[in-house]
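Order of writing sets the labels: A, B, C and D. Residues in every chain begin at 1.
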């Protein structure tokens, strides 16, 4: 055991997080879906091992730097992994593995969509890993584009005019977002003469305010922050279930992660309080408006997609809550914890929604009666994921909301507490709508198909992790503390 | 003011012009054109601002070369999505955003 | 109403950005000492990176600084960028795959176009080769060469001499992937012996970069042609539209 | 006098760039818009020459104006084939 531990810590895992997914994408395209399926599990398991190894290494040795090409910043590009990056990488690897298992059953070997699903999904995971590791402003732009095009390609796997429109809307939003970000990069480079995130910081002046506004706006579009969320529901709700899970759980978190990095490193000296409060206000709008719309939806997957719009709001409460010294660290931890637990819970929920659609043959919530008996483990999974999304103990979502509440109390910003309470009640309302319907008796004319066990099983495992994040919060928070911007935490 | 800064300001104006076109047009081909103009504006800022002292900086040249390739990839993909949408629905606009004329 | 608002917002953004940039270099006399000190620091930084590139140029394996940045100092950007190109092709294929198959309309070329193609294509291949070779010490390189190659492909396609490329067969896929694969293998291969990703040994840097560039040229040309050819052809008669 | 000439040249390029961009986005004819965009790309190539970036001038002419132009022209040709618009909403 100690041998394994020593080995995990000794290896430089960063190349292992980039090489295998990109190689898998290449081979999957070259050799076709059959070999792609064979390679999927080994590559995804390797990804989880590498992410775990990196997390352990960061925990024991501190933040890791990998100077690409041996040049070092600012001449070359540096990769950087601290606790936050390690956690996001681990989430990507774990959810990626579960979604991979699910997809093996979801896309049968002769499903036409599988031909392009595997290379696109492998590219997507490689792009997200690259984004989490990058410490260079322009390289981050390239990873954003890589991730965006892979995600849009996955949405375009569905056929029909509605799917094409959803993909186009998503593509245009993603391109607009990355161009706004790129203009910010151009201004930073012109002003400071470097692209390496380490060592850059903005002075407080008009140009800096404009840079912050442009880059924040661009990344907020990509994160689907209210009122810029218009592209998310059709794209996430209309895609095949495993794609929805990847997009809703992971892809929006990547742009949020970049926003966090920028705000608390590059922008920090130039940020003012109203800007942070404004982001919080948009977050509050997202929570209320997204939950309200989720309540109106008739289709199961659209409900889950609007729930993502609402849950993104909590992430943005981090910015106002972290702008006062008391409670800043709790806010930081709470926001990141919410990103993690929402990732696992939402992936589980989209995957199980796919299984429910398979079982019932449609997605209309009103006609889901009887699923509780037909798919008991599936409905249990849905309930577990709901517990985390509502923020009930002992889930990861509970820890996240608890930390955010703590931050709000410590900094005296009681209005955000109010928003979180109302948001919690609304999410309970829309999630119970589904659960209540599923446990009604089966209508007479309904036929169910039994979904492959893998569909429900992988979703169930993810919902267990969402729950486990609440039980093993100490270890996770210890990792998050490595290299964090706030370190006045009491043990 | 040097030539570099002059082109950087031109780039900023192009970006905002493109942004206006991107938001305001509903026709997808026009939005793709606007996106390309925004991109060109960005590239001018990147090179021009870095060279406002007068000396040549090869780093933004390499970055813009990357940017041009990324832009053509995105343009090609968007165009084909648009054409397929046209084949399947007869429209060149997204649902709910019909061009006012 | 909204239109005017958007116009005003864009105008305001343009004005503020322009103003902020205009103020950047020449205002030393107006500001406090601190500001002018910062100004000096900024200027020094701007000199910094080009000087750094120049200082390391002899270790990069090429003599042209832009190529050195593109394929050595910041080669990782370029690697991911080829990924973006591949993703565009994959996205196009996914869209066309999801759509119902359609009949192929072979295109017939006129005599003038055919003659033009006869002359232009070999010339363009030559130009591409020259651009690729030139990139090591003067402007040019894989991207420009690939684009010229793609131009030749587009001409061939217009004259009807290029077979339908979709769905791509094994060898076409191999060609599309070649550049990315060679780049990736070299990026990972040099890590043997505890080096960083993409850390080419100084003596082999020139050769490795040439290998990468040559395979990139071919792949970029094929990718760009595929993006052109992959478009759906216009339907002969308007089918029943569906929403 | 020697200082004025490059200035005039740069101003001419910049103003034409802005004007063509404006025309591209505001003209009613799609085909004309695409042609104007190709001209825009060629002017960008000139701007790159003025900024002493010959690599970018080459790439802009080949990719920005040439290939993007070809893709756009092809698309316009496609959209000119009349289609009965389907029902909306």
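Worth a mention:
Following the convention adopted for this analysis, contacts are C-beta pairs under 8 Å (C-beta built on N, C-alpha and C of every residue); 3 or more make two chains touch, one makes a residue touch a chain.
For clarity, every value in this text was computed on a predicted model and none was experimentally measured.
Traced through touching neighbours, the fewest hops from chain C to chain D number 1.
For this pair, chain B with chain D, the centres built from the Cα atoms lie 10 Å apart. As a whole-number value, the distance joining the C-alpha centres of chain B and chain C reads 15 Å. Put simply, the C-alpha centre of chain A and that of chain C have 29 angstrom between them.
Note: centroid distance chain A to chain D, computed from Cα atoms, is 38 Å. Residue numbers of chain A whose C-beta contacts span two or more other chains: 138, 142, 145, 149, 152-153, 156, 160-162, 164, 167, 187, 190-191, 193. Chain contacts: chain D has residues 55, 59, 63, 67, 71, 75, 78, 83-86, 88 touching two or more partner chains.
The multi-chain contact residues of chain C, meaning those touching 2 or more other chains, are 13, 17, 21, 24, 46-47, 49, 53, 66, 74, 77, 81, 84, 87-88, 91, 95, 99, 143, 224, 227-228, 231-232, 234-235, 238, 241-243.
In this structure, the chains touch in the following pairs: A-B, A-C, B-C, B-D, C-D.
Interface residues of chain D, counted against chain B in their complex, comprise 6, 10-11, 14, 17-18, 21-22, 24-25, 30, 33-34, 37, 40, 44, 47-48, 50-53, 55-56, 59-60, 63-64, 67-68, 71-72, 75-76, 78-79, 83-86, 88-89. Note for the complex: chain B touches chain D at residues 3-4, 6-7, 10, 13-14, 17-18, 20-21, 25, 27, 29-30, 32-34, 36-37, 40, 43-44, 47-48, 51, 56, 61, 64-65, 68-69, 71-72, 75-76, 79, 82-83, 86-87, 89-92, 95-96, 98. Interface residues of chain B, counted against chain A in their complex, comprise 8, 11, 15, 22, 28, 31, 35, 38-39, 41-43, 45-46, 48-50, 52, 59-60, 63, 66-67, 70, 73-74, 77-78, 81-82, 84-85, 88-89, 94-95. Looking at the complex, you find that chain C touches chain B at residues 3, 6-7, 10-11, 13-14, 17-18, 21-22, 24-26, 43, 46-47, 49-50, 53, 65-66, 68-70, 74, 77-78, 81, 84-85, 87-88, 91-92, 95-96, 99, 143, 220, 224, 227-228, 230-232, 234-235, 238, 241-243. Residues 1-2, 5, 8-9, 12-13, 15-17, 19-20, 23-24, 49-50, 52-53, 55-59, 61-63, 65-66, 68-70, 72-74, 76-77, 79-81, 83-84, 87-90, 95 of chain B are the ones touching chain C in the complex.
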